[in-house]
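Two complexes are shown next, each including subunit A; its partner changes from subunit B in the first to subunit C in the second.
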Partner chain A sequence: MTSTQGAVGQSIRRLEGRAKVTGRAQYVHTLRLPGMLHGKVFRSTVAHARLLGLDASAARALPGVHRVLVGQDILAVMPDPHYGPAFHDQPVLALDKVRYVGEPVALVLAEDPHVAEEAAALIVARYEPLPAVYDEVEAMDSTAVVHEVLKPAGTFPDLKHLQGKRDTNIALDYSLRRGDPDGAFASADHVFEHRFRTQQVLHVPLEPFVSAAVPGEGTLTLHTASQSPSFVRIEIARLLGWPENRVRVQVPYLGGGFGAKLYIKVEALAAAAALIVGRPVKIALTMEEQFFTLTKHAATLRIRSAVTREGRITARECEVWWNGGAYADIGPRITQKSGFTAPGPYDIEHVRIDSYALYTNLPPAGALRGFGIPQLVWAYESHTDMIARELGIDPVEMRRRNILREGRPQATGTVMRDAAIEQVLERTAERMRWSEAFDRGSGTRRRGRGIAIGFKASVSPTTSVAIVNIYADGSCALYCSTVDMGQGSDTAMAQIVSEVLGIDIDRITVVHPDTDVTPYDMATLGSRSTFHMGNAVRAAAEDARSKLIALAQDVGVSVETTPIGEIFRRKYGMQAGNVVGSGSFVPAYTPTDHHTGQSDNVTPFWMIGATGVEVEVDTETGQVTVNRLVNVGDAGRAINPAIVETQLSGAAIMQLGFTMTEQMRFRDGQCVNPSLADYRIPGILDIPAIIDNERVDATQSSGPFGAKGVGESGTFGVSPAIASAIEDAVGIRLTSLPITAESVLRALREQQGRPLQAD
Partner chain B sequence: MGTTRTLRFTLNGEPVTTEAPSHWNVVELLQNRFNLYGARESCGQGLCGCCTVLVDGVAVSGCLSLAARVDGADVRTIEAPAATEDGLDDVQQAFIESGAFQCGYCTPGFVLMTRKLLDECPQPDDEDIRHYLSGNLCRCAAYPEIVAAVRLVAQRRATRG
Partner chain C sequence: MKPFELLEPRTLREAATLLHAAGDAARPVGGGVAIMLMLKMGVLQPETLVSLASVEDRYSTIALDDDGQLRIGALATLRAIERSGLVRDRIPVLAQALRRLSNVRVRNVATLGGHLAHADPHMDLPPVLIALGASVRVVGPAGERVMPLADLHAGYLETVLARGELIAEVTCPVQGSRRAAYLKCTTRAADDWPALGVAAVLEAEGEVVRSARLVVSAATDVPTRLSRAEALLRGVRIDDALLARVGEAAAAEVTPIGDEHGSAAYKRELLDVYVRRAVRAALAAR
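Here is the complex of A and B:
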């Protein structure tokens, strides 16, 4: 038990590398089961309406169609077929109403997916249209009400105060009050106020949503591309009225997740259909259908600051309206968890925040790599930069004067610990050579640079459990429900086991999530796994280690000098037996006060990320080219530095797409560009010529071997850094995402006093 | 739905014969008849490259090609083992070493296209690499690592002579 090859701190190669480069890695999307039927969804074509009736006779008559299911049919197996992590508001299939274009209304089952698809197109629905609301600010007091009654799920203890409200679109309002903002604004040298907007975008994992359900004798097995297998089991069991042990959820590799594949997506529909027809049912959505399933929250943000002559921010007021779409999904949690960081990583004495999760008649919005943080950073970093330029203070210097330092209280009152905010800012400035002269271009090609920094609290309260099983030959397996959706968690977790037990990484298997086998984990989200599951895995490995030591003592040898296989042989007389260790991790947490938003321990750890960019703007076309992208993050001590850097750069490039090209466009609530042809995600040609990634030298003392999460940190600063760099280059400020050549050109022409016609 | 037809072709070096419904595309043919899942459908519109296969040496989007297209052709997929001791060629090796993937869903397409690129242009510069691979999408955005992997192979082949 002395060698620690492949252990913590080394950039060892991914365990599953071979399976991925040979095309043999398993995904649910390519799963085939004997006797399975394919399900194709018939979707609503109206944004808000009463569902008067459905005519599925032509679909049923099509040769090869096995069955057509409508909302009422689901009641046979799920008496109340509404699901959701915050509210039980989303029906498995629409019942009396439809609330967005694309909502599932019926399901066609056939052995041939082409037949099912053709039949789904033959279904006709009759609707009585209702007034609809699409804009999050209008939803605040719209007479169009998306849900008559709200039913809180009671899943999360921190959202206990959620109440069923009538006749409103407000799913959750979160407020924070600190100090005396009114007094500070009244006596301020300067007051600045700006309004910002972010657009609807979506995750676009290249493996679209998919679940396959297999009915058994009073049991059900789900193979699903899910980031939250434990939640899926609990929720499906609840819907069926079954104990958890009769539902089994298995998850292989995911072809990307990014927050999309959380909670229930197509699992409930596949489960109900399989139980109703008594055969395996697979529902694999197309790329187009992803646009009708889950988006990122569009948001409107108003931010106002009181600032001294010297550039010290004394008070900040933030109002945020989150467009949650027709079903709440995890939106209320975003509104609160992200809401309390709305003033930014700054030391501000007087703060007021009001954050609203709103229902509208658009596709539901959920978590997307950053859990609302990129929207907030877009606002507070653009705002901070605008103030700096207005006051004639260097933007980095402006941030230095206000930065939230170690040991100082954040807006919730929680004192900052192990948050390398200052270091991340300084390293970004250094890598950008901020204090040196910069070539600003000439003629129609102007250059500028910008910098932005953001921070995020980790999710809480939350639980992770892990089991380590040492085999009699000294190899071992780790059982945990963390889902490797590409972030490399299998490798990082195996490194932790290797470090504790001294077992070579090649002799460690990571058992993929299977709720009959692997223990509970809240979910793979919010960059929580390295910290939470990492701590649980470490505890499980340490438990196994103490048991192994006891076993060795029992047979009169030392673990330091005797190979593990030999210890087992002495005990059992042959290669037999196991040593099983288990561990769990539940961080300490104090919920925020419902009235003041205050808490003395609001998060187990902080994530910090900053971005610096250099851009070139073509003043004749409005084209913006990002020439340099610098990403700096605090990941604590990295378990696997190479994987951390790939996470930083992957996150930043994704956010580059959300900044420059990606936008779901809607007409009367209908997404009109649901295709990769019209919704453009970053390709290899969009990648900046220079990308620099850096992890600052920091330690998370409560993390496993000093580590913490980093999957989202690269997204934080990208959008505002680009907007600031554009202002630096050509003197225009964009406050609405995305930043397209058209929006830049429009602003330039406006600045020159010869505005372009509206379109 | 429609008729089936008999297809005879060479698949990863082996002659094969099968019956397939005429409306199937190449991805369905490979998955349903041959249990080959490395070519997988994502966008379904010829835009992402996840479904790439080589038909008579030409890279083809399996999602857009009807199964009949392969009749009489020589088809190679990512599953064709390389003639090396461990079954991986230098491109696959470099992808692993450079960490040129995260979720791996796009990886077979990128590996096949990289092989083609290096056949056609043994010493590509970054511009060549970007242009040649611009038809493949990676949502995990492992692009910098993919470019590094391609460079690594080119460099190794050059020093090997």
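Here is the complex of A and C:
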């Protein structure tokens, strides 16, 4: 073992890059198994109804159809077939009710997927329609109730109090109280209140949901495109009433995840079907079916601030209604985890937050890159600029006067540590040349600029475990259940192993998640892998290093001067044996108080991201062009700087789509644009001509080699920065996403006193 | 998608005969772009697809005919037309329009015949070719006929083609001294289908227009000539005041249809703006 190679901090090329660009990387979508049946889902066409009956006779009669399964059939292998991370509310197939258009009602199995699809179209369902609710604010006191009985899952210790409110659509109400907001509002120089809305959007991974289940002798193997293999094993074992060790979950590369492929998606249906028919079953959803599986929360946000004449914010009140759709998924956790950052990265003495997770009759909403933060930042940063404009204070200066500085308590009472908020703000302003003159355009083309900053807490409580196995020739493997879904985690983890053991990166392999082989990890979510798994991997590598040192001492040599292979040969007389190190990481954490939302240690680390934009507005058409996009983040010390920068720009571009073009449109609860032809994500021609990415010089002292997560930070500021830049250019303020050309032109015309007709 | 039989005739006439015999149960397939989407959505469930991939080579060629017009085979891909030196040289506005038509993956396989016969008003080339005065030659089981392209489209996804009739080629007068531009407005992503397209073809001397052809697409069911706006342009010098009247006339003479790209009211505004800009762009072109 030689001295460390200095792998950490290097922009090492991605380990999987060649396999992916040459088309050799394996995905579940390309998996073919002997004797495999294909499953096609028959889906609900009504938003809320009692399911009276199903006629599948024509489907069963179609030549080539092996079996048609309905909700009752699932009971044979899963006595209570309801799953979900926060509530056990989602049935594998609909039982007595359907709760959204697109909900799975039956499954057709056939050897030919086209036959299965044709048969699914022959199934007829009879429904008794029920009143439906779609809007999150209406859902608060709607007489239409999506779930008659609420069944908390009890999975997460921090959501122990989760009960839901019976006979309402409220799955979780989270509140935070700090100081005396009423008193502060009563004595304020100024009070500002605004309301904002965000729309329902989709993750759009280019690989849709796919799972294949293989029954064995009292065992089950799942090949699935999942971000959470350990959760899938535990939840499938629970549904089957089996011990964990009889369920094996294997995950190869993912074609994108973005939070969609967490918890159970099609795994339970594939597992039940395979066990019922005794053959491998693969369910591969189409791009269109993704629109009926998991989405991002639409939200309504009300925010009110007490502000002094000098622009100091003394109190803030936030009310957030999250549209969770028909099943809670991880929505309650978003409501709480993201809820407590609703006042923004500002030092505000008096705070009141009420955040509600609501059921509606829309497709379920869950985690999506940012986990609720982009919705909140949209509100609090738009609000901040509206106040600044009203008071005649420069937007950057307004933020400087209120920014949450190191060592000061956040709304939960947790004192900020290793959070480079101020630095990120200042670097963004510098990259934007904020204090310099700016060309504001002329005629029908007006230019403006905007800036916005956001922050996010990391997930906790949470656990990661890793194993490092040194082989007798000095090469090495890392066993960990982090899923490389395109974010480059394999490379970063290998860099950490390389740094600790001094083994060259091309002699390290990363074994992909296989719950029979790789140890437990909570999931690949919330930008947690670099920090949490990174710490576990570092501990495992250090454990292996100590054992190797002991082995060397045992045979009378030094690891500093003797090659690893030689140490093994001396010990075993030939190329044989292993050194296995293991490590785990569980961060310290104090749960928030249920009544006040207070905690002295609410997060293992903070993520900080800011965005600056320059836009050009066509005043005759309302079209907005983002000419420049500046993304600045605090990633601590980067393990791989190049990957950090692509994470910043990738996240920002994704949020650019959610800001400008993407929107699931509904009619009577039915999504009417469920395809990439009608739901438009940004293409290469929509990308700003100039994108600057910067990591500020910062260290996360509790992170592996000073690093922390950065996968979401680029999303935070994009939407409000664009809205503010538009106001800077043409003087109109939009409070609802997406910002379409038409919405801009309509606002311009209102301002000019010659509004467009409504149609 | 339901299973279907795939036929691959060697001649266009044979294809027309097969389609005529099979009736509604059969569909022709050129590049297969639009039809694949419709098959996957279940909008079309044909028993037979008649592929045009193996018909005579001359239906994919681009050449000048004897009277100096450009003849483009219906099976020429959009990419081949975009890259054709003849097209760039003789009808530059067509090559320019193609550069922003959908994306290169679509242009690599989509054919001109399919692009026109699909009769989706969001297609980019119909307004350009109609404004240039193009015509189509149609082959059917009983023979051939030639019609102005302006007469091809009968409604949303509808043409005047009879059962078994196939577009064989498009003939388009070269641009010559005419100045032309095609502007389109996409409202969701740059390579989205347009909310509005406007083609302008002008004969002009300096800033004085002798004659003008203006065609709007995407906002209406079929590509539509803007006759009143054209009339205002004839024989006059272009200035902002005149263009304002031209834009207003255009917005008043058609009734745009609201859809996911924009409301009818918004498209009326776009039409006003884009007609003015298209005339300016055409004047600025060579």
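Just so it is clear, the second predicted complex is superposed on the first by the 753 of 759 C-alpha atoms of A that agree within 3 Å, B and C clash if a C-alpha of one lies under 4 Å from a C-alpha of the other, contacts with A are read in each partner's own complex, and residues count from 1 in each chain.
Heads up, the rule we're going with is that a residue touches a chain if its C-beta (ideal position, glycine included) is under 8 Å from a C-beta of that chain, and two chains touch if they have at least 3 such contacts.
Model, not experiment: these values are computed from the prediction.
Visitor: Report for A:255: first if it touches subunit B alone, second if subunit C alone, otherwise both or neither.
Guide: The first partner, subunit B, only.
Visitor: After the superposition on A, what does A:143 contact: first (subunit B), second (subunit C), both or neither?
Guide: It touches nothing on subunit B or subunit C.
Visitor: Mind telling me which of the two, subunit B or subunit C, contacts the most residues of subunit A?
Guide: On the superposition, B touches more of the residues of subunit A.
Visitor: Considering only the touch criterion stated at the top, classify A:643 as touching first (subunit B), second (subunit C), both, or neither.
Guide: After superposition on chain A, A:643 lies in contact with subunit B alone.
Visitor: With both complexes overlaid on chain A, does A:114 touch subunit B (first), subunit C (second), both or neither?
Guide: both
Visitor: Per the contact definition in the header, classify A:442: touching subunit B only (first), subunit C only (second), both, or neither.
Guide: neither
Visitor: Given the touch rule stated above, what does A:13 touch, subunit B (first), subunit C (second), both, or neither?
Guide: first
Visitor: Considering only the touch criterion stated at the top, classify A:752 as touching first (subunit B), second (subunit C), both, or neither.
Guide: neither
Visitor: Looking at the overlay, what does A:22 touch: subunit B (first), subunit C (second), both, or neither?
Guide: first
Visitor: Take the contacts of subunit A with subunit B and those with subunit C, and give the residues found in both.
Guide: Correct list for subunit A: 114, 118, 675, 677, 681-683, 685.
Visitor: Would you mind writing out the residues of subunit B in touch with subunit A in their complex?
Guide: 1, 21, 23, 31-32, 36-45, 47-48, 50, 77-79, 87-88, 92, 95-97, 99, 101-108, 111, 129-131, 133-134, 136-147
Visitor: Quick one: in the complex, what on subunit C touches subunit A?
Guide: Touching subunit A from subunit C are residues 1-3, 37, 41-42, 103, 185, 187-193, 258, 260, 262-266, 269-270, 273.
Visitor: Give the list of subunit A residues in touch with subunit C in this complex.
Guide: Residues in contact with subunit C: 114, 117-118, 121, 620-621, 623, 661, 665, 673, 675, 677-678, 680-683, 685-686, 740-742, 745-746, 756-759.
Visitor: List the residues on subunit A that touch subunit B in their complex, please.
Guide: Its residues touching subunit B are 13-14, 16-27, 29-30, 32, 64, 112, 114-115, 118, 203-208, 253-258, 286-288, 485-488, 642-643, 646, 649-650, 653-654, 675-677, 681-685, 687, 691.
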